[in-house]
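Encoded as structure tokens, here's the structure I'll be asking about.
Per-chain residue numbering starts at 1, and chain names A, B, C and D are given in the order in which the chains are listed.
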């Protein structure tokens, strides 16, 4: 399939770098966000909830990251499928898929070492902050 | 984003006022309803199930209120998104979102102190009774 | 077996009488409590969380009431079993049993019409307030 | 009963201070730990999993913190009850109680603003690192 393999888990040090970069970007945009980093086994490494972000962003950020790690692709890939309609709506029947932008795999040396999930703004804003977070690594 | 902050939790006394107003309105409409009030942390403060309401309304009322408190907006906002179709159907992949009218945030002095969820009639009836409940505060 | 049969469900009106009596007693004792009334099918009819009661009492009160309705006896009966030790500790392996005083069946005309659960004080205080609640019916 | 009331939620800034102090202490002891901070509503604010800590510590740390916030006391209070045996074993029937040292309420100005949960070492080590974390605030 050409999917990258699962590698060693992201370190807490690297997760903190990603979170710090995401937080800087969120503050710049005037947004309150939840930032979640999972390792390559889908387990939590870091969660930061910025003051006065939506309580519901806790679920959203974690599930976006889980979507990215479980299926080794961006959660936006599933959003794009849903947007196509028709048979693609079948993805809505899969409980562990959150089809909203803001979840990205974290890669190193061609391997997936974890995933990042962001929630708190619009789907597009969440995607932008997630990209800024990965750029911090 | 302009979302109101989360404030101190709604009191049981205020929750009872809201429920009483909602019950009066439900009786007027000849409907049997479940009324749920959550605090600003998303925890239950009050639940009343009127005689002979749907057993399933227990879930519906609580999840509408949770949607309202977790994302600081009416559950009807999500219903409206779903109605637009296309990419907006992505909200159906988010488990904690119940995209049906009848869930409203409870505000005081510009802060969210809780949320109200109503279920038992049509979506529009649920929305009307929820509005009547908030007016009782 | 001699267990009373399951009867028609307790009404919201009666549940409110029980809750009011329990709340009066809790205030008298200077306690903050969660009061839960279930119907004869084990479904919620009423939940009141007094201001500043433990968040964890939400679970405790509901599970005590569920224990009482599911097994048609006081939750204290299971507490007494646990106190005996030995083989009786097997009750700790049963997830739906909360072996702590404060859950009571609600009877009318020899039938079980629901159950009451109280949590917020010591086990003995919870039991006392539950008894006061039933006396309000 | 003299329990402190629930106050405004702990900030992410304060949660990071607590986590940093706990991590310094864990490194000093040569331990890998999971650190969880919840707010006064029982919702996650911060989670850090140190490299090579037990995967199972994710559950343990979060549940210890939940025990502390839900019942406004140290999780060690429940450990001590269990140690007494007899009727006190009833606490083992309560699913939301994790009766193991390492969960502490976070107080400010006499109010509970959140809770800290630590897991990764022995119960006593978890308790020590939790105390070190709170001292960082």
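Here is the rule we go by: contacts are C-beta pairs under 8 Å (C-beta built on N, C-alpha and C of every residue); 3 or more make two chains touch, one makes a residue touch a chain.
All values reported here derive from a predicted model rather than from experimental measurement.
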Requested in this report: List the interface residue numbers of subunit A and of subunit B, divide the shared ones by all numbers used, and answer same when the ratio is over half, different when under half.
Outcome: different
Query raised in the report: Where the CA atoms of subunit A average out and where those of subunit C average out, how many Å apart are those spots?
Result: 43
Report task. Measure off the straight-line distance from the CA centroid of subunit A to the CA centroid of subunit D, and report it in whole Å. Result -> 27
Query - subunit D: positions in contact with at least two other chains - result: 6, 9, 41-43
Query raised in the report: Looking at which chains touch, is this a line, ring, star, complete or other?
Result: other
Report summary line: Pairwise touch list, complete, is A-B, A-D, B-C, B-D, C-D
Query raised in the report: Once bound in the complex, which stretches of subunit C touch subunit B?
Result: 9, 11-13, 16, 39, 41, 43-51, 55, 58
Query raised in the report: Which of the residues in subunit A end up touching subunit B in this complex?
Result: 30-32, 52, 54-56, 59-60, 63, 78-79, 82-83, 85, 89, 91-92, 94-95, 97-100, 121, 123
Report summary line: subunit B partner, complex, touching residues on subunit D are 6, 8-9, 39-43
Query raised in the report: Inside the complex, what are the residues of subunit D that reach subunit C?
Result: 1, 3, 5-6, 41-42, 67, 69-72, 85-87, 89-97
